[in-house]
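Below are two complexes that have chain A in common, paired first with chain B and then with chain C.
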Partner chain A sequence: MTTDVSAISAAALSPNASSGDARSQHRSFRLGDALLGLVCRGSAAIIALMLGALVLVLLTSAMPAIKQFGLGFLVSSEWRVNELERPVKDAAGHVVMEEGEVVMETIKPAFGALPVIYGTAVSSLIALVVAVPLSLGAALFLVRVAPTLRLAGPLSFLIEFLAAIPSLAYGIWGLFVLAPFLQSRVGPAIQATLENVPGLRWLFYETVTIAGKAVERPIPITGRDMLCGSLVLAIMILPIVTSVSRDVLKAVPRTQIEGTLALGATWWQSCVAMLRYGRSGLFGAVMLGLARAAGETMAITMVIGNNNQINPSPFAPAQTMASLLANEFAEASEGLHQASLLYVALVLLVMSLLFNIIARRLVVGRASPAGH
Partner chain B sequence: MSIIQRAAWVSAVGISIVVGASSVHAGEVRLGGAGATFPAPLYTKWVAEYEKVEPGVKIDYRSIGSGGGVKAITDKTVAFGASDAPLTKKEIEALGGEDKIVQFPAVIGGVVPAYNVPGLSQPLNFSGDVLADIFMGKISSWDDPRLQELNSGVNLPKLAITPAFRTDGSGTTHVFTSYLATQSPSFKGEVGAGKQVKWPLGQGGKGNEGVAAVIQQTAGSIGYIEQNYAVANKIAYGAVRNKAGKFILATPETMSIAGEGAAATLKGTVLRADIWDQPGDKTYPISAFTYIILHKDLSNLKTDAEAKALVGFLTWATGSGQKFATDMDYAPLSSGVKIAVDNALATLTHNGKPLK
Partner chain C sequence: MASARFETRRLTSDAMFVVCTACAIVIVTLLLLVSGYLVWIGAGAINLSFFRDIPTGDVANPGGMRHAIEGTVILLALAAAVGVPLGVAAGVYLSEYRHEWLFAGPLRFIADVLTGVPSIVVGILGYELFVVPVARWTSNSVSFSGYAGAAALAFIMIPIVARTTEEMLRLVPRTYREGSLALGASKAQTVLRVVLPSAFGSISTGIMLALARVAGETAPLLFTALGSRLLTRDPSEPFPSLTLQIYTYATGPYPEQKKLAWAGILVLLAILFVVNLLIRLVAARHASTRLGKS
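So, the complex of A and B:
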C-alpha cells in the first residue's frame, strides 16, 4: 500500500516528468494540488491535535487527584468515595472519651487504583492465554490449509464479522449464557475437583476483615467474576488477533516456506518456521489484542462482578479500569472523585498508547520488508 | 465519555428551552426539567397527564441523574431540577443561599431488601442490624441463627449469602446506608453512609437493573433496590423491623406514613427531612423523599406565563397528581407534607413579582 501511494505521488509531483506542452496544464493543476495538500495536512494535524487535546484535558482535569496522591495512586488499594466518621480508639482498642463524650474522627475519602490496575492486567492476561493459541491456530489454518479447501474467503469473512459485533452483544451473551453456565456447571465441577488439593484453597476461600478480625469464608460462585470477564474478553479479542496474525503469516515470503520444505521439514516443522519468521509481527498482533482487552468496557462491566478488590481467585468478582469508569463516572460528584476517575482514564490511555506503539513497531517493522 | 454525554444532555436541555421559548405557539408554554432517575417514570406520567388538564403546557423531563439535575438548575439551564438527596450546604451556596431557593419533596420512595432464596413461600423478616451485618459479611449464610430468630417457622436453607450493591452513586445507596448507619455503629464506622460507599464484599451492579440482574441470577443473593422497581420486576423482598418493633413490608401506605411523621419539621422554603427510621406502628423504616429544586425568583424563565405554568404544574403534581404515584408504586405525600409544599410554592416570584 505505502509503496504504491508514494510511487504515484512521486510521479505526479516530479517536475521533470512534465514536458513543455504539459507545463501550462501542470501549472493549472497547481492550485488544486496546493489545496489538496492543505486539506491533507490539515486533516493529519487535526488527528494529532485531537490526541494532544485528549491528553491535555485528561491531565488538567485529573490534576487535583495527581497533586493529592501522586504516583502513590497507582499502588494504593483503597477506593472509598464517602467520608467515614468513627470513634477514635487508643492503642489498647478502647474508645477514647473526653468530658463524657466519645471522641469522633472523620476519615477523608481515599482513592487508589491498584485494584483496577490488577483487574485490568489479570483479566487481559487470562484472555490472552486463552485467545492467542486459538488465534494462531486459526491464522495458520487460514494461510496454509484454507486456500486449498477454498475456505479462506468465507472463514475470513466470519472472523471479520465477529469483530463487527457490538461489544454490548458479547456482554449480554456473557451475562445470560456464559455466566449461568459457569455458575451452575463449570464452577462447581472445578470446585469439586480441586477443593481438597493442598495449596489451592485460595481458589475457593477468601479472607475478609470483619470488625478488625480476619475471617475466612467461602467465595460464593456467582458466574460473574474474573473468570467470566476474562473469557468474554478472550472471545472479543479473537478476531483482531486472528486477522492481524493472518496478515503477518501471509507476508512470510514463499521462498522461506519452500526453503523449509526443500530441506525436508515436515508440515508441522515448516509451520513452526513460519511462526518463528513472523514472530515479532505476531507479537504485535498479541499486543493489539491486549490493548483491546484492556480498554474493553461495556461487556466486561456486565460480567466481571464490579467489586474493587484484589482477590487472587478467578471466582471472585473484580473490576477493571474501564469498568470502573463505566460504573461510576456518570454520577461522580465533581472534585476529588471525578478527578481520580480521570486519573484512572489517563493511566488507561497511556497504557493503551504504549501497547499500540509497541504493536505497531513490531507489526510494521517486520511485515512490510517482507512485502517488498 | 460520560462527561461529554452529560454536557450534551445539559446543553440539549438548555437548547430545547431556548428553542422552546423562541418558537412558542400562541398560548403554548414549554418548560424543561432534569435530574433524578428514580422518580423519572412518575414525572413522565405527570407530564403526560398534565397535558390533558392544561393542553397549552408542554414539559420535558430528562433523567440525567441527581447530580446532573442540581448542576442544571444551578446553571439555570432548566426550569426545575430534581434530586433524590436534598441539597448540601455547598450546593445551596452555589445556588445563592437558602433564601434564593425553593426545595420541596415531590413524592416518597422506599428501598427494600430484595433477595433470591429458593423455596420460600412468604416474605422474610429483617432488622436493621441484621441487614448491616449481612452487608458487612458478618452473617454469611441464610441459616444463620440471627436470621432464623427473626423468621421462626421458616425453613431457611444452608446457602451462602452474596450481597449485591450499586456501583454508581445513587440516592438509593444514600438512603439504604444512612438507615443502616443509624442501626449499627460498626456499619457507620467501617462502611459509612453516602451516595456511594466501599462495600467490604459482594457483587456490584450499575443502577437498579444491574443489582436486580445479580439478584435474579444468583441463588443466595440479597441486594437493595427501589420498592417500585422490585414490584415491577416481581423480585421478592422482605419486611423490615421498624422503630416500634413491627415487621413492615414496603407499600405506598407504609412509606407515606413515614413522610407524615416528618411533616411537622418541614418549615420554610428549603424543605428537607430524613424519613428513615421514623416512629409509628405502621411506618416502613427505609423510606425517603425525592426533591424538586427551583430558584425562588424564577428569573431563569422568560415570561410570567412560563413561571405561572410551572407553579401550576408543580401544585397539581404534588396535589391531584399524587394519585398517579400510588398506581406506579410510589408513596404519595400526606396532607401535612402537602401543606408545607404549598406554603413553599407560594413564596415563588418572577422578576420580583409574586405569582399567586
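So, the complex of A and C:
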C-alpha cells in the first residue's frame, strides 16, 4: 500500500520524468522494501529461534537425567558423581562377612537437585530480605527528597553505574574483604552472643555420622558460607531494585501525592500512598532482583563455599544451582553427570524465566513511564 | 486528643523520613565502599607491565595481562559483528513493523525474557551448540574456541540491542516518517535514511551499553572460550579474556597473581565508568537539543 502511494506521489512530484522511469523506480522501491522486510523479519525471527534453541538444547541434552530421575530429581539430595563401594551391613548394623571376606555392594552414581535448589532459594531470599527494605527507602528518598536537594541526577548516575559493575568485581570484593571480615569479626561475635541461647545451637553445630555414630561437631566459621553469599547477593541487587523502584515511584501521578497531602496526610503517609499505588510495579522490581540473585554465578561461586549440602546454619558452606554449574560442568564426564548438570541448568532457566515474566508483566504492564 | 494523634503522626513521619534518608546513605556508602576498595587496591597493583607483558609462567613474577586485554577486545569485536546488525535489524522490526501485532508483541516479550536468562545458562548453551558439535566434527576431544565465546556473548547482546534500538526508534517523531513518505520515499528509504539516522546517537549509546555489559561477563565464557595464557589471535583456539584471567588469578593461590586480578578489575571498572559517563553525557546533550527544538 505504502509503496503504491509513494510511487505515485514520486511520479507526481517530478512531472518531467517519463512513465518508464516511474515504473523502474517503483520496482526498485518494491525490491528495497522487500529486502528490508526480509532482513528485519529474519533478525526478529532469530530472537524467537534463540529462545527455542535454548529450551530445546537443554531439554534434549538433559534427557538422560530426566528419564532416569524424573521429577524426583528436584527433591532428592543425593549427589554422588562416582560409583561407591561399601560393605553390606545387616539389620543390626554389623558388617556382613562371607567366607572370611567382607561383602561389598556397589552404589550407582545418583543425582538430585534439592541441595542446590535449597541453596538458591535461601540465599536469594536472605538477599531480598536485606536488600528490598533498603532499596525501597532509598527509592523514596530519590523520588521525594533528592530532587529538592539537586541530588537526584548524581545519585541516579552513581546507582546506574554500580548496577553495571560486573559480578566478578563483587565476587572478588566478597572473597577478599567481606569473607575475611565475617570470619574474623562478625562470625565469632555472633557466636559469642548467641551460642548459649537455648534453641540456637543449630546455628553453630552440626550433627554428622562418623563410623555409625552421630557426633555433634562445631561448624568451622570460614567466612565463605551461606551468610557471605547472601550478603554479596544483597549488595549486588541493591542498585537494580533501587533504580526500578525509583522508576515505578516516579510514574505515580503527581495528583495522587498532592491529593493525599491536601487531605492532611503527613510526608510519610503520602509515601505510603505512593507505595500502595505502585505496589504491583514494586513487586515487579523485587521479582527482577530475585531473578538476578537466583541466576547470579561468578560472585556466589567465589563466596558461598561450594558444598552440596542442606544445612540450616548460615555459617555452613552451601551451593546454588549456578555455582554448581560453574564448578562442575567443565569437569563433568559425559553421561549421567553431565546430563544431571544440564537438568539443573534447565531448572534454573525455567525458574528465572518465570521470575522475569512475572516481573515484566508487573513493571511494564502498569507503570511504564513511556506509555504507548 | 486530636492534637496528640496529630503529634504521633508527625513523629512517625519524621522518623520515617530519617529512615529513608538513612537507607539512601547506607546504599550509597556501601556501594562506594565496594567500588572504592576495588579501585584503591587495583591502583596499587597496576603498572605498565600489566598492559605490556604476557604471562611468564613464573608465579613470583607473573607478567601482565596483555593477552587477556587483546582477547577481550577481539571477543567483543566478533560478538558485536554478529550481535549489532542482528540486534538493530530486530529492533527495527519491533518498532517499524509493530503493526504486525501477531509477531511483534510476542517477539518483544521474548526479547525481554531473553535479557533475563542467567549468563551461566548461556555459557552452557554455547558449549552444547558450538563446542561439542565442533569437537565431534573435528574428532578432537575438546574444541573450546574464541568463536564459541563470541557467540555466547552475541547471544546476550542481541536482545539488549534489539530492545534499546526499538525504544530509541519509537522516540523518533511520527511526522518524520510521514514527511518522508509524503515526499515519495519508499519504506526502506524512510527507515534507512530518515528514521535510523535521526536515532543514530541514541542507538549507538545502546550498543555501547550492551558491549559494556558483555565485557564484564565471565560465566558465558567459562565453557566456551575457556581462557588461555597465550597471546593468541586465532579464535578457533581456546581464547583468553580479561574476566576469565581475573577469575583464574583471583581464585588461585599465588599473591602476585592476585595482584594482577585486582589490577584487571580496576581496568574493567575504568572502562565501564567511562562508557557510563559517555552515555550520560550523550543523553544529556540529546535531551537539551530536543528541548531547544520544541
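Everything below uses one rule, namely that the second predicted complex is superposed on the first by the 327 of 372 C-alpha atoms of A that agree within 3 Å, B and C clash if a C-alpha of one lies under 4 Å from a C-alpha of the other, contacts with A are read in each partner's own complex, and residues count from 1 in each chain.
In this section, a residue touches a chain if its C-beta (ideal position, glycine included) is under 8 Å from a C-beta of that chain, and two chains touch if they have at least 3 such contacts.
Predicted model only: the values in this text are computed from it and were never measured.
Touch criterion met: A:Leu175 reaches chain B and chain C at once. By the touch criterion stated above, A:Gly37 is placed in contact with chain C alone, chain B being left untouched.
In the superposition on chain A, contact of A:Ala152 is made with neither chain B nor chain C. In the superposed model, A:Met50 lies in contact with chain C only, and not with chain B.
Contact with chain C, but none with chain B, is seen for A:Ile235 once the two complexes are overlaid on the shared chain. Once chain A of one complex is fitted onto chain A of the other, the partner contacts of A:Ala330 extend to both chain B and chain C.
Look at A:Phe161: by the touch rule set out above, it reaches chain C but stays clear of chain B.
After overlaying the two complexes on the shared chain, residue contacts for A:Cys271 are found with chain C alone; chain B is out of touch. Of the two partners, chain B and chain C, it is C that touches more residues of chain A. Residues 175, 325-326, 329-330 of chain A contact both chain B in one complex and chain C in the other. On the side of chain B, the complex with chain A involves touching residues 1-3, 5-6, 65-67, 136-138, 140, 160-162, 167-170, 177, 186, 188-206, 210, 213-214, 217-218, 220-221.
Looking at the complex, you find that chain A touches chain B at residues 78-87, 175, 179-180, 183, 206, 208-211, 215, 217-218, 220, 222-224, 301, 305-309, 317, 319, 325-333.
Within the complex formed with chain C, the chain A residues making contact are 2-3, 5-7, 9-10, 13, 29-30, 32-33, 35-37, 39-44, 46-48, 50-51, 53-54, 57-58, 61, 133-138, 140-142, 144-146, 155, 157-162, 164-173, 175-177, 235, 238-239, 242, 266-269, 271, 288, 291-292, 294-298, 302, 322, 325-326, 329-330, 342, 345, 348-349, 352-353, 355-357, 359-360, 364, 370. Considering their complex, residues 9-10, 12-17, 19-24, 26-28, 30-32, 34-35, 37-38, 85-87, 89-90, 92-94, 96-97, 103-104, 106-107, 109-122, 124-125, 127-129, 155, 158-159, 162, 167, 170, 181-189, 191-192, 209, 212-213, 215-219, 222-223, 243, 246-247, 250-251, 258, 261-262, 265, 268-269, 272-273, 275-276, 280 of chain C touch chain A.
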